[in-house]
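Both complexes shown next keep chain A, but they swap its partner, so chain B is in the first and chain C is in the second.
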Partner chain A sequence: MFKAIVSASTLRDSLDAVSVLVDECKIRLNEEELSIRAVDPANVGMVDLTLEAAAFESYEADGGVIGVNLTRLEEVAGMANADDLIHLELDEETRKLHIEVEGLSYTLALIDPDSIRKEPDIPDLDLPAEITLEGAQLNRGITAADMVSDHIRLRVDETDETFHIEAEGDTDDVDLQLESEDLIALTAGPADSLFSLDYLKDMNKAIASDAEVRVELGEEFPVKLHYEFAEGLGTVTFMLAPRIQSE
Partner chain B sequence: MGNADLRDVAAIEEVSFDSLAGSVVAVDAHNWLYRYLTTTVKFTADSVYTTGSGEEVANLVGVVQGLPKFFEHDVTPVLVFDGGVTDLKSDEVERRREQREKAEERRKEAAAAGDGVEAARLDARTQRLTDTIHETTRGLLDRLDVPYIEAPAEGEAQCAHMAARGDVDYAGSEDYDTMVFGAPRTLRQLTSKGDPELMDLQATLDEHGITYEQLVDVALLMGTDFNEGVSGYGPKTAVKAVKEHGDIWGVMEADDVYVENADRIRELFFDPPVTDEYDVDLDVDPDIDAARAYVVDEWEVDADEVERGFERIEESLVQTGLDDWT
Partner chain C sequence: MRLDEYLEYEADEAAERRRLAEEKNYEILDQLESFENRFEEHVTDDSLVGSVSPSIFVGRSNYPEVSTGILSPVGHEDDAGRFETSGEWYDEGVGIADVFERRTSLLNSNRTGVGVDVHDAWDGFTGVQREIAIADRPVGVEVGLDGRPEVDYDVSRDDVATPVGPRATAQSADLTENPHVPRPVEKTLEDDDWQAQGAINYLYRRGFDVYDINTILSAGALGQAENRKLVPTRWSITAVDDTVGQYLRGTLRGNRSVDSVQVWHNEYLGNSFWVVLAPGKWEYELVEMKAPGSIWNPDPDAGTYLASAHEQFEGRTGYVDETAGAYYAARLGVLEHLSEIGRQGKALVLRHVSDDYWGPVGVWQVREAVRHAFEGEHGTAESLSGAVSEIGSHLPVSAARLRRKSTMAAGVQSSLLEF
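Entry: the complex of A and B
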């Protein structure tokens, strides 16, 4: 059983975070919250999303799992204005999701959850450095790095207590240096890892510029990016595997 | 190539390439390379893969196109090259040679008549593995650190043997005979754009309620690389007949039909010439620069033609996966 009413912007923020990595996903409709966990086909990027029942106008669910085509669901959600309410109701008989947006009814065929790629195990990592910054700052570093390279290096200078977003291109280099007073919080530790910009750019798109992003970083380890949406009732963790740094 | 009608007997399902991550596949090298050779020759100007002295090395383009798929999906290939041809198969080899010669004649006619498309199609069919292709394919695999072994006879039989012993997770071949040689799990369409399909021996036996020996007899009735098959015995009839009469001898007696060399061919499937003398290093550590130099400088293949493939291999080596941390 699943029946819910949610604002279009909240639904879209949720879907956007997942669709940067996969086209199809399983949605767990737990009693207290909706949750999605997915990893991209190459096993490089992962998303773990939770949207609490309180983030909905109304929410009733009993622990079922549905499989959805995200692209299609995003398109339907895109038919609404940000403040519009979207009504969702699962038809258990036909295994279809009925969606209503401002007089528009849409019946979405669901995908057999067993046919969707298995939900990933989350690596249990204890990362030594933690940087909290604004989405806009991260976005600025990523945009600059994208001008010169396909890869981005995230690094903490323990002595200076600074966070660096760097990229080395064939001819040009960029380095965005953020002092601890520029940041919302910084726990310095040995941290220096290289990542594919393709992935980080896509993840960054889902993060609002005024969101607080908590970055957990290590040396040649995956990075974790945590942020909240829907006034703190939705949480997202992205995890991205590093590239091997060649010297 | 094996008998394509066996497809209707085999239990086959599509699997995603992603689900194969971490596995090892014994790939029937000739079968695999042939696919790339035909497409390369068909769609690429021959100047791209011909050296100044006229040696054709389209295989190098093929190998560089084909391998990234394995690397990107964290699948380790072990390429298995055919050894000497078994006596039984000489008919098949002879037939292929005749076909090639016929195609070559038609190709010349088509080319003379100005029919480029037909000539290109036939050109693909006249491909064969030259000594240079044998040598350079291994030379490139050496530099890419991709393991390969030499089978005593049929490559697909050796692949099946390695899979049955559990030394590899899958055999990889388009050839349905691979399952008849006893490969528990065979991956097909490894060279295609999409996902491969998995041919499962036990599921096949279960589906029809037959034993492995009976499957071999079914194949013999339908025809294999080593015999013609009996006219009128398609997938359904063959399975039914073998189930009803127990084995091929029973079918031959009851239906008054005859399969030449049946005992020898059965023996070949049950106990093909294979070797246990292989020692493959699955820790693959390619030297991309050396491979590039070999292909582009030494064998004069256009750099543009192989650059993308080398980049894909390089990329797959530096990007780690999250599963490395679970």
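Entry: the complex of A and C
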């Protein structure tokens, strides 16, 4: 059983965070919250998303799992204005999701959850550095790095207590240096890793510019990006495996 | 930089290339003269030429109104097959001068301003051309020419089919025998509801090499009816390399990875190739280092020219700006090897174009050199970056410069499962 009413913007923010990595996913319809966890086919990027029942206008669920084509669901959600309410109801018999947006009804065929890639276990990482900054700052660093390269280096200078977003291109270099006073918070530690911009750019697209992004970082280790949406009732963790120099 | 410096360079470039080619081998010019002599002997009356044709050519300028021609080695009818570009050229060990000799021996009887929509055209000049393309051996033709062939010795920037042989405008073309068409090709022809990609991969799986498929695609003989168009030879080569490569890449997705870092090497026609295979999910990059004085970097003081293109596990979405057709040709060679051993992995291909590469022979050279790189012994290394530093001493650029240019030399993509 699943029946919910949610604002189009909240639904879209949720779907956007997942669709940067996968085209289809399982959605867990727990009693207290909706949750999605997915990893891309190369096992490079992962997303873990939770949207609390309180983020919905109304929410009733009993722990079922559905498989959805994200692209299609995003298109349907895209038919609504940001403030419009979207009605969702699962038909258990036909295994279809009924969606209603301002007089438009859409019946979405679901995908057998067993046919979707297994949800990943979240690697248990103890990352030594933690940086909290605004989405806009991260976006600025990524945009600049993208001008010169297809990979990006995230680094903490422990002595200066600064966070660096760097890129080395064919001929040009980029370094966005953020002092602790520029940041919302900084726990310095040994942290220096290289990441694919293809992935990071996509993840960054899902992050609002006024969101607080908590970055956990290590040396040649995956990075974790945490942020909230839907007034703190939705949380997302992205995890991205690094590009490494030596194995 | 001042604008006039740039303009001057543009003008010099073409002249310089021509000078290089001429200095290195005068035989090419002799070759064109000897063509004229042979041609005299084979012209039955004023304009009718009887020969055989192993292949066709479709130009790309002015698309969709293109120039398209029947290629025939006038005076060499007995061994016409060897004039058609194929993997056998590598096995034969042809040199750059041999390639030029073969290419310039082919008379291109062509028509210009031909519309590319040909799905139901099986008569007239286009029809004859398509029959030649689908046949698996050279076909007897009689071409009526409008005037004398023009000998146009031009080493152009086109890295595929240059230099070209003599050209003449064709008034008419007729087959003098029934072409032999292999059964699988007939099958793809008959099914005009079959997308070109599927038909290309079908032919590849049935043992046709990309050279044959390229000619068939180029003649507009593959794909769904409304999409059957003449495809310029150069585009067609890249399309087939890319399509077959995507197919092979798809078949490798679930495979185990190679279990060690391997370094393979091959050298052909002044080009050195190192292929580094490393454990992990599929990832590929071609880095080209073009020596000053080589054909695409003619200025001896220019320094090594670097180009690269890269793809991750799911391929690339953007167009390959740098390295162009060589990217897909080298990728095909790597994927065929991985497919043969039933593994996947990370592949970094380093191509050093030395100044011995004085004339452009086409991307087949890249494809065959990489395909044959996996013969014989290979070196080993602890990691991909270790392999790159070992190779470093043979390369014309510093490790730092290579790392700046090459995504994979800077770092290879790890998986979350490794942590």
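In this section, the second predicted complex is superposed on the first by the 245 of 247 C-alpha atoms of A that agree within 3 Å, B and C clash if a C-alpha of one lies under 4 Å from a C-alpha of the other, contacts with A are read in each partner's own complex, and residues count from 1 in each chain.
As a working rule, a contact is a pair of C-beta atoms (placed from the backbone, for glycine too) under 8 Å apart; a residue touches a chain by one contact, two chains touch by 3 or more.
Since we're looking at a predicted model, the values are computed, not measured.
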Point to revise | Superposed partners chain B and chain C on chain A - clash or fit | key: clash
Exercise for review: Applying the touch criterion given at the start, work out whether A:D198 contacts chain B, chain C, both or neither, answering first, second, both or neither.
Suggested key: second
Review point. Regarding the shared-chain residue A:D170, is it in contact with chain B (first), chain C (second), both, or neither?
Key: second
Check your understanding: In the superposed arrangement, does A:R243 touch chain B (first), chain C (second), both or neither?
Key -> both
Exercise for review: Examine A:P222 and indicate which partner it touches, taking first as chain B and second as chain C; both and neither are also allowed.
Suggested key: both
Review point. Of the two partner chains, chain B (first) and chain C (second), which one does A:A82 touch, if any: first, second, both, or neither?
Key: neither
Point to revise | First, second, both or neither for A:R117, with chain B first and chain C second | key: first
Check your understanding: When the two structures are overlaid on chain A, which partner does A:M46 contact: first (chain B), second (chain C), both, or neither?
Key -> both
Revision key, fill the gap. Chain A contact check, chain B vs chain C, more residues touched by chain C
Practice item. Please state which segment of chain C collides with chain B in the superposed model; the candidates are 39-47, 57-65, 75-83 or 93-101. Key: 93-101
Study note, to complete from the structure: The intersection of the chain A residues contacting chain B with those contacting chain C is 39, 41-46, 120, 123, 125, 196, 221-222, 239, 241-244, 246
Check your understanding: Given the complex with chain A, which residues does chain C contribute to the contact?
Key -> 253, 278-279, 281, 306, 310, 312-314, 382-386, 403-405, 407, 410-419
Point to revise | chain A partner contacts - residues on chain B that touch it in the complex | key: 16, 18, 21, 72, 74, 317-326
Exercise for review: Provide the residue numbers of chain A that touch chain B in the complex, in ascending order.
Suggested key: 39, 41-46, 117, 120-125, 196, 221-222, 239, 241-244, 246
Revision key, fill the gap. In the complex, chain A touches chain C at residues 39-46, 120, 123, 125, 150-151, 168-171, 194, 196, 198, 221-222, 239, 241-247
